[in-house]
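These are the structures in question, set out in turn.
One chain, subunit A, appears in both complexes that follow, with subunit B as partner in the first and subunit C in the second.
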Partner chain A sequence: MNTRGLSLDTIPPLLIPLRFFLTAPLFGICAALLIFYQGSDIWLSRWSFSSLALTHLVTLGFMLMVMIGGLYQFIPVMVGQLIPAGQYLAPVIHSLLVIGTFSLAAAFLSHFIFLYVLALISLALSLSLFAFSLIPLLIAQLNKHLLVYLLRILLVVLAITIAFGLYMLFSYSFPDSLINYRLYTDIHALWGLLGWTVLLIMAVSSQVIPMFYVTPEFSKNSLKLLSMAIVLTLIMLSFSLLLIKDKLFSGIFFELLLSIELLVFSLYSLWLIEHRKRKLADVTISFFRIAHFSLLVVIILWWFYAQVISAEEELLKTQMEFILAISLVYGLALSAIIGLLQKIVPFLIFLHLQRLSLKHPGTISLVPNMKKIISTKNSKIQFLFHCLSLFLLIFSVFFPQWVWLAAILMMINFIWLWKNLLQGIFLYQKNRKQILNYNYSYET
Partner chain B sequence: MMQTTATFNRGVILLTTTINTFMSAHHKECDDLFAAAENSIASGDWDNGVSQWLEFTNELENHFSREETIIFPEFESKTGSVGGPTQMMRMEHEQMRSLVSELSKAAADKDMEQFLGLSETLMVTMQQHNMKEEQMLYPMIDHAMPDVTDIIARMV
Partner chain C sequence: MKVTANRLDNTAKELLIDVSEYEAPRPFEEVVKLVSQLKSGEYIRMLHRKEPLPLIQMLQENGYECRMFPGQQVEWEIIIWNSQDISVQEFCLMNFSNSPAK
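Up next, the complex of A and B:
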């Protein structure tokens, strides 16, 4: 093992991950505003531009935003090296991602070519900068940890998703080029909504569930095999979509295979959660339960969608497509992410204040424990808002006259998240000042 | 419980020849003791909780002292590396000791809210510390010292 350059004292400046975490809820609020503004039209068709704008506000603006911030924090703990030049690159990557996501959503809603071009350039730049700063660490690491393995696969899947996305964006920007948008959108959505979302939750679950809840470990080989099988199935499914026009046996076979793989993962995770030794009521574990339960719902509905509903039942098919997307993004990914933020942000604030207090003896009482940064009560309220908004979003697909209520609850969910994170930051700043100004004469 | 712990450790010696497997297993053992104490206290069973908490803190201190008095000095003298990663780990031990002493005070005062807030914080701190050791430091130590049978024997 090459240990040169390894350091165990690797925590990036607090602002690097926090700027991503604090921006994400704002995109959630924008997404809720868009639903509110569009009203019942938002669930008319998944091909509508407003639903494309909505999907990207949440997936790029929230999910990818938190993931990049999280990786800036987590990779150093895993591999002993900071992501290079974070102090200079993170603000650039962050700003470009903000500009790219906004201009993409605005382009879908307005069709200004200029906005498509702006989105193309800023997203391509932002994601390549991040990928290039990450690749050396992931290639060079000889460390055989499961998470490093899953991260590599995750980033490949994300790269494929983004490549299809950028390709379509390129065609929107230069409308002379003719491509089969629907086909490419299906493949882009398959890799993004199923591949990226599920593998992201797999990588996070494999690490977090055993560690924080004292459960049996996930079997390394099973998860390696499972993640590889999911990617191979996605590849085969994409080929069958690209090469075979009618849905033939091969497509159905690979869909069945993929759903079995997902079923194994969700049941395995739920089984581990039930066998945890750390039994105390914990909001993050409730969020994880909702996440994995949503995945189960997705699998069942997918089969219903693919096999039971006939092509003529267009309304029901459209409703199912939206429910699948809501369950995957809001139910699976966002539940796990919002649940984790309840722990990650308080821990980071604690960690930085504790480090500071070690240099200023006598100030340990100024370091708040995690639950003083985001209280259990506030996290429970978050969980309530999240579950209510998830339920109402699904409900509003069938009863679109209630979509305004779903949008309001979704907005409250993200505002509450943002408020809790901000309160944490204010507490950090206040206590940091007190620690720095601590006067020894106040002792005794 | 202490008896089981010692037996378990002896069982592991026969199976392992690396610091990483031996000490990682001990991390898990500490996690189990921690979870048991926290479960009891969260359910209001202070009598059992406080004695289980004591059991955990003894085992944790035992773990730290194995590292600070046996493993780290051996590694430092073998590699000449002082003030590097082992120093960082010693500092994190101090951070955890400070949390543990606050927790013991909360347990003595039967202050559940304070205890659970601190126990959550200790849990996350412990886990990220363990991850650094299991992913980086222990493999470095095993690499620098191929034969650790003597060292493991001194730890039980």
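Up next, the complex of A and C:
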């Protein structure tokens, strides 16, 4: 690539990704408050409205929120093009996502039809606007970028997940329409929890792990093949759920295939992490280890759930469903995302201060080291809170009398994350002022 | 970090910096530090495993020219020089402008 005449635009304004990153922990805190408020009832059934509210507070409020903020930041760095109109669209997308997620959780808890309608409109608008703003990038000739390839697949999977979700939300909003909620919920959960979560972590891992930990690069062809295989298997599994009444054979075959695909991804990622070129002590890599270890646990438990537990063992079946969901969402996705935030937010602050410092000669010493923006000690404490809360959430499924403690630890985990991110922003503001003032006194 | 200086002819001295095994954002920090110490008649050859697009944008915003092409020892080689330094500018444009795109 020759850069002559090329106008690179790789650095979006800091506020665009940060508004998403700073909002996400607040939804985590709300989710923890809901668990605390509901107590042991939260694990009674995955069909209960409180557990639906909890799932969506975490998946939409935390995971999707960080994903959108992360894409606003990562796409320009990787492909050299900003997501168009970010300055105007990001605040709208963000506000609608906040309104949509809160109203959806509130609708599940209160059953007010108005809230379902509000959630339907806000979420549909927010996600359509974001998808619309990605169109130029998705149709551009950027095939050499693995991120763009994975992103295309990820957005298709997300669109299918959301389409099923909005369809059910539409039915909640207009109660006269009769649909098979359980079947559609299963398919929605399959695409969301397995498809979207795993492919999101795949896209994140493929960029972040080699960049921050100097591991060997992920093989582009392997990840392209693997992501496509996961989507095809999900399609076949959905068809077997929707169309084939006796799904015994086809179901087991596609479940086995999906397990193998997830196993390959998990072992491959762990292998790369262990083969990094410079084994520097860095606690944030432990978040990625926990994430991929959780995926291994999910695969093992899934087979135990599907093959060993009989339909009569209803309590154990329900407990396994919650443990699978906790391991996938809190263990796999949140571990990787919290680990990512410990890296990406200091990196962004560093990048913007460095840019400012280049324009103000002599101020380079005012650009802090990344490890000072979120200290290693604070990241270690974050890791401790995260692991403890993950363990206690799983423990509380079997011993619901301890669910209050799990909720408190989960709340502390998100409060600590929020505090660390805010501290980074305050440091940015302070150093930014110092750089600007330094320049002023130097010039006069 | 190892910086090797080679004078290629009477007009340009190359500062070679290999950051291909550094974790982000250390390559960025090291190159910015080196750029701030760049003297007249010098240019930088940076070896890296990634395309450092934000770094290139920032350098271009601050009066530096960059050329990027596939490397021999590592994935990418990036040539950086001060566009105000006439002799280096001529040398680099002559030697690196037609570098193959990857």
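By definition in this document, the second predicted complex is superposed on the first by the 426 of 444 C-alpha atoms of A that agree within 3 Å, B and C clash if a C-alpha of one lies under 4 Å from a C-alpha of the other, contacts with A are read in each partner's own complex, and residues count from 1 in each chain.
Following the convention adopted for this analysis, a residue touches a chain if its C-beta (ideal position, glycine included) is under 8 Å from a C-beta of that chain, and two chains touch if they have at least 3 such contacts.
Owing to the predicted nature of the structure, the values given are computational and were not obtained by experimental measurement.
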item	value
Combined model on subunit A where subunit B meets subunit C, clash or fit	clash
Partner chain(s) touched by A:Phe347 [first = subunit B, second = subunit C, both, neither]	both
Subunit B versus subunit C as contact partner of A:Val77, first or second or both or neither	both
Partner chain(s) touched by A:Cys387 [first = subunit B, second = subunit C, both, neither]	neither
First, second, both or neither for A:Met370, with subunit B first and subunit C second	both
Partner chain in contact with A:Lys279 - subunit B first, subunit C second, else both or neither	first
Touching partner for A:Lys359 - first (subunit B), second (subunit C), both, neither	second
Set of subunit A residues, in rising order, touched by both subunit B and subunit C	1, 3, 8-9, 77-78, 80, 211-212, 214, 277-278, 280, 347, 350-351, 354, 358, 364, 370
Subunit C-facing residues of subunit A, complex	1-4, 8-11, 76-78, 80, 210-214, 217, 277-278, 280, 282, 347, 350-351, 354-355, 358-359, 361, 364, 370
Touch list for subunit C against partner subunit A, complex	21-25, 28-29, 32-33, 36, 49-51, 53-54, 56-62, 65-69, 97, 99, 101-102
Subunit B partner contacts - residues on subunit A that touch it in the complex	1, 3, 6-9, 77-80, 143, 145, 211-212, 214, 277-281, 343, 347, 350-351, 354, 358, 364, 369-372, 376
Residues on subunit B engaged by subunit A in the complex (per definition of touch)	31-32, 34-36, 38-39, 42, 85, 88-89, 91, 94-95, 98, 113-114, 116-118, 120-121, 123-125, 127-128, 131-132, 135-137, 139-140, 143
